[in-house]
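Multiple structures follow.
Each of the next two complexes has subunit A plus one more chain, namely subunit B in the first and subunit C in the second.
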Partner chain A sequence: MQITSFGFLLFAAVLLVAYYLIPKKGQWILLLAASYCFYLWAGIEYLGFILLTTVSTYAATMAMAANQEKQAKYLAENKQTLSREERKAYKAKGKRVNRVYLIACLVLNFGILAVCKALLIEPFKAAASAGTFSFLSLGLPLGISFYMFQSMGYAVDVYRQTCAAEKNPLKLALFVSFFPQLIQGPISKFGQLAPQLYSPKKFDGKQLSFGLQRMLWGYFKKLVIADRIAAAVITLRGPEHTGVSFFILTVFYAVQIYGDFTGGIDVTVGLAQALGIKLPENFIRPYFSKNIAEYWRRWHISLGEWMKDYIFYPISVSQPMLKLSKAARKNLGAFGKRLPVYVASIATWFVTGIWHGLTPNFVLWGMLNCFFIVLSEECSGLYEKFHGRFHLKEKKWYGGFEIARMFILMNLIRIVDLFPNVGDYFSRIGSLFTKFNFHVLWDGTMMKLGLTALDYIILAGGIVLMFTISLIQEKKGSIRELLWQKNPVVRYALIFALLVIVLLMGNYGVGYNASAFIYNAF
Partner chain B sequence: MEKLLEILDELHPDVDFETEEHLIDNKILDSFDIVTIVAEIDAEYDVAIPAEELIPENFNSAKALYALVEKLMDE
Partner chain C sequence: MKKKSIFTLCACLAVCLALLWLLQALLMPKYMGSVKEGALIGEYYDNAGNNDVVFIGDCEVYENFSPITMWEEYGITSIIRGSPQQLIWQSYYLMEETFQYETPKVMVFNVLSMKYDTPQSTGDQTQREAYNRMTLDGMRWSGSKWNSIQASMTEEEKQWQGQWSYLFPLLRYHDRWSQLTGEDFQYLFKKDQVSDNGYLMQTGVKPFEDEHIQPPLVDYTFGENSYYYLDKMVELCKQHGTQLVLIKAPSLYPVWWDEWDQQMVEYAEKHGLLYVNLLEKQEEIGIDWSQDTYDAGLHLNVYGAEKLASYFGKILVEECGVADHRGDAEISTVWAEKVKTYYQRKEALQAQS
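Let's look at the complex of A and B:
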């Protein structure tokens, strides 16, 4: 069930009414039932995957919790008799046992994810559909990358004892499957999300209204902008579009993926808010970033946080890395100090790349991001001197220049998503420096991309609206709070106008089904 | 504590680490800084800070960080 479908809206409406009518104790059970209904709607063949993750996570975390409890009890009972070393050795032994449970759980789950992702690419794809393993060619189970990362993060947290294990298997099942965020995140931490899922919720008109407004804004970005510009993105991927046409593709794809992904997250976060649940923000106006590190603190935040907590930090502070750090400092001076951080960054970006897909272009995408992060870190001293010498940071135009520079750089990196053959990507990048076909802007090429003049007008208006809203949010904070203080007639007139725009200008396909979200494929 | 302040000052000479209590919340320290600090502490105090301790509460102020180092030394 697409979250842009009328079926989904009806489903959400029935759930919201039932959610606030039934006794509060039963609200989380209703959410669990709704989440499984949503999942079954996608296909019964995927049910086994989510159940396996839920059961294996439950078994591993319960085993770790029982071990930790036993250990704490023993240490408390023998506090007086055990020496410091004995206590330390006993704790280390307990941790080793728990590490086995954790690793078993991680290997099983990430193994399944790796197999599912491998089956999307050749030669495994052809082998799976042709041979006796044809049942494996189901495609990627709905939301698997998201619910698996969320569940594995929880398992690591229990191992680290930064959160308590959930004893009720049904409550854990809800944490794994909570449907608004199941398909494209945000990837939540157990400590932030779980208590909210299980607590009783009183009806709050303001939260419901804010949630629905955010959903509407998400539908606008997805249906009016992203799905409209998608046609031109498909055309511009063709081999004949090089030079300036390729540059236009990078900008159009930036608009499409922003509308698609942030729009989908707006619908998710909005629906959760209407249910009284606050999900973490996944985007903070990323296209206003002035450097690449800032961009990654503003774009797909929950994935970045996950990678930082569970990949980057553990690698960076591991014993081999600390040894490397000591050796590098002695031999390489200041650069040596930063070397371990760079090694951990390469590993983290490699994992982030293959999370998106097991094809060379996604590995390249990760490495390009890593390269520019390291480059900007290494050049930071130089930049500071340069900025100071010409007092650039005090100049407004320079801030605008930095934003434009970052927007173009990220567009050029991101576009590799669309070229599974990295040779095609490099030849397109090369064409930017060799082909100056500016005439495509006025010779009629733009009218042959699958967009009409009206489409361009709607897109231009929509982009101006998104930009204006983002600017107001950046300067003055929440738009919905600002609207809330206005006269209700003005407020609801504006909301109604947006609803009419979505209904009239949404890019609905055959049977009024919008196209799938890009991040559903990851 | 003085050694720790030296480590922090070297990273960001413009920050007053004795008074600043929102090093993470105010985005003064980023993940690269945190990892550098962990390596420096390992070299200086011979204390390994595990990944699970890399949370904002432990890095928001020099005082909190020093308390963490002392706790890990005691363990």
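Let's look at the complex of A and C:
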């Protein structure tokens, strides 16, 4: 069920009414039932995947918890008799056992994810859809990456003893399957999300209203902007687009992907808020970033945090890395200090890349990001010297320049997503420096991109509105809080106006080839 | 304070709903201009309740039979529930709905739609969806309408869970705001009657010239789904004590194959129904294909429709025992008004053509 479908809206409306009408103790059970209904709607054939992740996570975490409990009890009982070394050895043995449980769980789940992803690309795709293995060609199960990342993060947290294992399998099943975030995240931590899922919720008109407003804003970004501009972005790979027209389309792609991702997250977070559950923010106006590190602190935040906690950090503190760190410090001086961080970064970005897709372009995408982050870090001394001499940072326009520079750089990196053949990508990037075909702006090329003059007008208005709202949020905070202070009639009139814009100008329904949310594909 | 907030919220909601309703009314196609066919189904309700004969089917009924002529010549009260490319399941649900408003003595069904077995059997999806709309949007809300929607949706409509856009047509016509014309504002609250008891009059003349050669079919057997709904029609009419008459209107194309005709003959015999293939009665009817068609044999114009009504009215009287109501003062008064409108329309259209 697409979250832009009428069925989803009806589903959400019925759920919201039932959620606040039933006894509060049963609210989490209703959420679990709703989540599984949502999942089953995508296809009963996918049910096995989420059940397997839930059961394996439950089994592994319960086994680890039991082992930890047994260990703690033994240590408490033998506190007087065991020496410090004996206690340490006993703890290490217990940790080794838990590591086996954890690794088994991780291998099983990430193995499934890897197989599912591999079956999306040739030659595995063709092999899977033919002959006796045709059952493998199911496509990617709904939300598999997101519920798997969330579950595996939880398993690691239990292993690290940063959160307690959930004893109730149904409660764990809800944490794994909570439906609003199944589509495209955010990826929540157990300690942050689970207590909210299970606790009783009183009806709160303000939270409900805020949640619905956010959903509406998400639909605006997705249906009015992202799905409308998608018609032009589809043409981007065409060989005719080089130089200026290619550059313009990279900007269009930036608009589409922003509207699509943040629109989807707004619907997700808004629905959760209406249910009284606060999900973490996943995007904080990333196009206002002034450097690449800041960009990645604002873009798909929960994925970045997950990669940092469960990939970057374990690699950084692994034995080989500690050895490398020691050797590098000794032999390479100041750079040696930073080298282990860079190595861990490369590994993390490599994993992030292949998670997006098991094709060379996604690996390149990860490596490009990593390269610019490392370059930025290595050049930070030079920047400081430069700014110390010229004082540009104090000038207002320089902030705008930094934002524009970052926006263009990220556009050029991001666009590699669309070129499975990386040679094509580099040739297009090269055309930006060799083809100055500015005539595409007035020779009618722009009207051949699948957008009409009316589409351009709607898009221009929509982007201006989106930009203005983002600017106000950046400077003054929550728009909904600002609106809440206004006269209710003014508030309702503005919300109604937005509703009418979405209804009339959204790309949906028969006659439109609106796309699913892009992150559904991950 | 709290009471005031709730009142404000309710008042704003009421205003918003009213505005949305108005917006929906504005954006829905009015079918008053060139595509009048879309208005036919909705016009039934103003003329329902007292008809002895109800015709159900596609353009072969709403453009080929003149109920006014049947009234004038035989005193038969009849109405047509026709819409373009009406499919057999739509005809069935229209029939089912008709029984909520009246119980006619005779239900006449044109069997051409037997050839369409599934919602996507012919034409491109967009075209089919537009036809669905012209049949379904005009129906009043009922279980019959809902079932008809479910049975009629194209694949694309199903993908978009299109049933909700029938419930709230604003979701379907939301992008018409850039194509609104004066007609949309003129007919926002009140529409004109475009038909005469469901008959859509055409006065132009375009003679039939060339025979349309269609390649033979691989299989002439009507589909199971078509028979399923035809069986349901038989059962439904039996339940209401209404005689079901099957007809094939005398349109020259699309081709009505002999093999199809034979299946209908056998079906009628098996179920004790009257089946009249009017294609075979062209001479008796007196149709002159150089004068009585406005589109070279696909449909009749008003002159042909009057001849056909005159011929078929006789069958209804003689073989179905349909009564003459011309002696009933109350009915006559209502029909006198209809006759007057009919001739005014005819005169106006003749002046135009």
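Operating definition for what follows: the second predicted complex is superposed on the first by the 517 of 522 C-alpha atoms of A that agree within 3 Å, B and C clash if a C-alpha of one lies under 4 Å from a C-alpha of the other, contacts with A are read in each partner's own complex, and residues count from 1 in each chain.
Convention: a residue touches a chain if its C-beta (ideal position, glycine included) is under 8 Å from a C-beta of that chain, and two chains touch if they have at least 3 such contacts.
Keep in mind the model is a prediction, meaning the values are calculated, not measured.
Once chain A of one complex is fitted onto chain A of the other, the partner contacts of A:462 are absent, as it touches neither subunit B nor subunit C. After overlaying the two complexes on the shared chain, residue contacts for A:162 are found with subunit B alone; subunit C is out of touch.
By the document's definition of touching, of the two partners only subunit C reaches A:496; subunit B does not. In the superposed model, A:7 lies in contact with subunit C only, and not with subunit B. Applying the stated contact rule after C-alpha superposition, one finds that A:276 touches neither subunit B nor subunit C. In the superposition on chain A, A:316 contacts subunit B only, with no contact to subunit C. Remark: subunit A residues 5-7, 10, 454, 488-489, 492-493, 496, 499-500, 503-506, 508-511 touch subunit C in the complex. The touching residues of subunit A, counted against subunit B in their complex, run 88, 160-162, 293, 297, 308-309, 312-314, 316-317, 319, 322, 325-326, 329, 337-338, 340-341, 344, 377. Within the complex formed with subunit A, the residues of subunit B that make contact are 27, 30-32, 34-36, 38-39, 42-43, 48-52, 54-55, 75.
Those residues of subunit C that touch subunit A in the shared complex are 5, 8-9, 12, 16, 19-20, 23, 126, 129, 154, 156-157, 160-162, 164-165, 170-172, 174-175, 177-178.
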